[in-house]
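Have a look at these structures, which come just after this line.
Below are two complexes that have subunit A in common, paired first with subunit B and then with subunit C.
Now for the complex of A and B:
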């Protein structure tokens, strides 16, 4: 989610004059219907905030003041004011929202409706549904290109990337990838799209200009059966050096050289690792572990897991504000 | 579920065909599908009436299997519309074996070569013989001999065999250190077959059967279980009671009525099954919701077996770009087509006997207790092959044969 990183960057600049507040991570606990708030200085949980049912995807507004929460079983996207930590409104998300992505214009939220094979586009300011776009079965991953031209959705049972032209809000192309594409992420210049396939066990790197797969990454961990290697979350560093791929029930995060596509290392984390987020200066990477109910803290420079933080039941999404 | 109505789907097909025509439809990775590839699958269902049963308060769904196949067709069409593939189910749910054979011949004459069969083993064997140039997915028979001796060359099995279920259950018993069992066997052939699978697993995993008792009561246990069962279950001390009562005649009355206060497992109590309402992780919650919206009831093991059979066809068609039964069979028996079954692992068919390897949920009526294979039961190729008949235990070598 490059949008997040731009947002965090902007936030850091603000903070330079605003005094030294510690960065804060918000983690959605899918089976506890709440968020865990982690202070990134002390690496401790400082608060637990009740939200809607089955919270999964999380996203921040560009100025980091609002947190969007996919409350899947409440069939809504909730908006939390981070200053007061109160839910200020519910957006009409369509049924069972799972993941979403915010357009660089800070207004259009692209939401995948897992049960209805739809992508819903909502204006976050007017709370109006701008469009509903038919996609494949079980839409899941969402990303918007840094230039705002493309919204990409993955459909888990149809096994495709769906290319939505944001100018017309229509589906214009589909790219077949491996089984159960789960998450999609643009690199920072928007030239590449990284899409994980949970059952296929791969990550496809797609050239955005030609919409063709340029590389299919595979993962092999000593002592872990290939069936358990199920890529989910993907995060790319701003400097273009690394890609991190969460491998689900393989309980490892793969470190990939984002230039050569070589897998450099596998970091042991908690059980069923889902999604990840960097802290503002990208020195730390947080990874949510669904089954073990904790967040692993990865030192990006050393490529080591340094700590695990107990959160709620089935942590799923994570975002960081400066 | 709004894109799923047939009429709407037809509209969508048209709309998408139009949308796609004006753009590059697919990336290079997509195999070229012939224009408007039509994939027709036959559903052949016959479930014999089990006769009067005592545990009949909560009935079994009459359309088990069929609704799973229907859902898979809908799922596959929503992918197919992007690939210009159209899936269609021709259904025959009949009352007698003769009618099923007639329906199969009619569908075959109509050009169908891909079938999902929900029928007992003898009838499946007959169908396989009548349709030698077709590929059949067995979603109705757990019969072990089909996987060890019959080796029907044109049949793949999506319903777990009894040996897989028994192994899944007994691995859990061993992990829990419940190694002494009392086995109670019902009077029907199916019960005896399930008991045989339990005995095989007990020997395999080191569980001792302290005693074995045939169920011979002919009274109504709804009224007398509290009096009869404790006496009936008196034996040398056991850790668990294993019960083989596949149709649910008396087994439901065993839990809480055993002589020793011990758990009950097998066909009642803790049950190993291919699918259950309480399976929800790895995306299963979405499948369950889709199914419930379609069928208005919970998805069971037969529904899942039929669903994954159709989905296996669709996955292969997407890969191959055609619906040739022989090519689909070869691809399924190769290691090259991981199937997504919402069970946390890639699923695939065993090349020797055509059985779908799959994790097996262990459930009680309202909760998932565990999923086998259990940690620590190792296998040189896949831990999933610690459940059921491994290659050396089966006479079948399907992948080496052509139908």
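Now for the complex of A and C:
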């Protein structure tokens, strides 16, 4: 009874202070062909929305009203209106889209087509394909720099970062990184690019101005076999303090000091942790755990995992709207 | 009333003095669970992070899992050690001095139980403090909420120890108690492995563990440490404490040692 009372009190306090910031997370469930919607106040799943086959990468429009969904086995990028939660159109994405990134102009969507060694650029408004750019074998990760100048693609088999000049939509340079690069992420001011290498077990920090690797991060977790350390998702805080690296089947998220590149801690999450997203004020970080089928919630200030929320089968991507 | 208080104070004080004076006993009570935590659990660190079980909200390391079990291990050993001291007291005669008190025997024994339990709690919190520094950090309120749970668990195990001591004729039999009581109670419980893990290996092992009173003591403490209440564990612990205490009082026979010497 006292516990119930405390919970009620704490709940009403939360409502009074935090209610205005109720954020919502959308998680793509790769094997269930749907999205789980999580209310970040109560940390519970409030809805499940059916989408195309094998949903993986997710991205939001600048104003957070549209959600782009890579429906890999439907060979399309779906656009969901978040006000009505209906799919309003399908964009021509090329075959097997997995990850993508939206240009700051809110129109150009850079999509990696894993099977065709291509990056497809689609105009989200006119639904026209603007360009198809040849890249390395098995393109996967995608990122566009905050200033919109660069689109970066990673190819899993060629082990390269491909630098695409967005003004001409052409490939201008490559940077060799460790084996099987899965994901790239720019830091907030766009001066650095963080690229994870799944098989190499490393994260390369690349200086954008010189396109050279300035630091290679390695990870070592007590009691976990080194082969299982497979970095995938990377997220950096806006204040430049931390980088979080999801280590796949190692079931841990690494916390890295983004200034000194020192690994500070490893946080235990569910099985095969994949991609991550912050809530709007970056007090929480959500991480999808593919095999255990849940999303772990990390308290960014305390650097502790506070809860794991059951979602669908094989959660893959996650985005958060305010 | 005053006499009762005086007597309780005397018994608690005696137990306290014995605890303070035997520093090696305090250390050994701490070393045992710490060995489990720092050596044994470290080896199994990654073995458990594959399922979420109540009262935890997320995945935990093995170290985190076994801390409540190790806290109860301290209570278990102390409860049994209490029974040892009872045998000792009977043989050396100090128990007979105590029993010359005009107060009811039930009260004397209850006071003895409480004294053992209080001393155990000190050791448990010393252990929890070290575990905290090692990185096993339950919520602060949980540490407070665990106090009544630990007290009840301590009383349960002391009552069991007291009951057993009535059946032990002499000091040397204590090794038998270790083998036949402490080890099965500890290993066939949820202290080291969650019950679903037990069930994976064998159904009857699972049921042995689920019926073991020590499992309920561990779960009561585990839930309390994470600010939850486990009604089943609470009911079992409360009921069995009352039962064991009652049986201990009824079967208590201060004449044991004297008779044996006479005979």
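The rule is simple: the second predicted complex is superposed on the first by the 302 of 322 C-alpha atoms of A that agree within 3 Å, B and C clash if a C-alpha of one lies under 4 Å from a C-alpha of the other, contacts with A are read in each partner's own complex, and residues count from 1 in each chain.
What we mean here is this: a contact is a pair of C-beta atoms (placed from the backbone, for glycine too) under 8 Å apart; a residue touches a chain by one contact, two chains touch by 3 or more.
Since this is a predicted model, take the numbers as computed values, not measurements.
Q: Looking at the combined model built on subunit A, do subunit B and subunit C fit side by side or clash?
A: Superposition result for subunit B and subunit C: fit.
Q: Per the contact definition in the header, classify A:287: touching subunit B only (first), subunit C only (second), both, or neither.
A: A:287 sits against neither subunit B nor subunit C.
Q: Which one hits more subunit A residues, subunit B or subunit C?
A: Of the two chains, more subunit A residues are contacted by B.
Q: Looking at A:114 after the superposition, I want to know if it touches subunit B, subunit C, both of them or none. Which is it: first, second, both, neither?
A: The answer is first: A:114 touches subunit B but not subunit C.
Q: Could you say whether A:296 touches subunit B, subunit C, both of them, or neither, answering first, second, both or neither?
A: It touches subunit C, and subunit B stays clear.
Q: Tell me the contact category for A:160 with respect to subunit B and subunit C: first, second, both or neither.
A: In the superposition, A:160 touches subunit B alone.
Q: Could you say whether A:307 touches subunit B, subunit C, both of them, or neither, answering first, second, both or neither?
A: Second partner only, subunit C.
Q: Once the two complexes are aligned on their shared chain, state how close subunit B comes to subunit C by Cα atoms, in whole Å.
A: 9
Q: Inside the complex, what are the residues of subunit A that reach subunit B?
A: That would be residues 96, 114-118, 134, 136-138, 155-160, 170-177, 179-180, 199-201, 206, 211-213, 225-228, 249 of subunit A.
Q: Under the stated contact criterion, what part of subunit A meets subunit C in this complex?
A: Residues of subunit A touching subunit C: 3, 222-224, 251, 268-271, 292, 294, 296-297, 305-308.
Q: With touch defined as at the start, can you tell me which subunit C residues reach subunit A in the complex?
A: It comes out as residues 42-43, 45-46, 49-50, 52, 57-61, 227-229.
Q: Along subunit B, where are the residues that touch subunit A in the complex?
A: Residue positions touching the partner: 1-4, 12, 19, 23-30, 75, 78-79, 82-83, 283, 286, 289-290, 293, 315, 318, 338-340, 344-346, 382-384.
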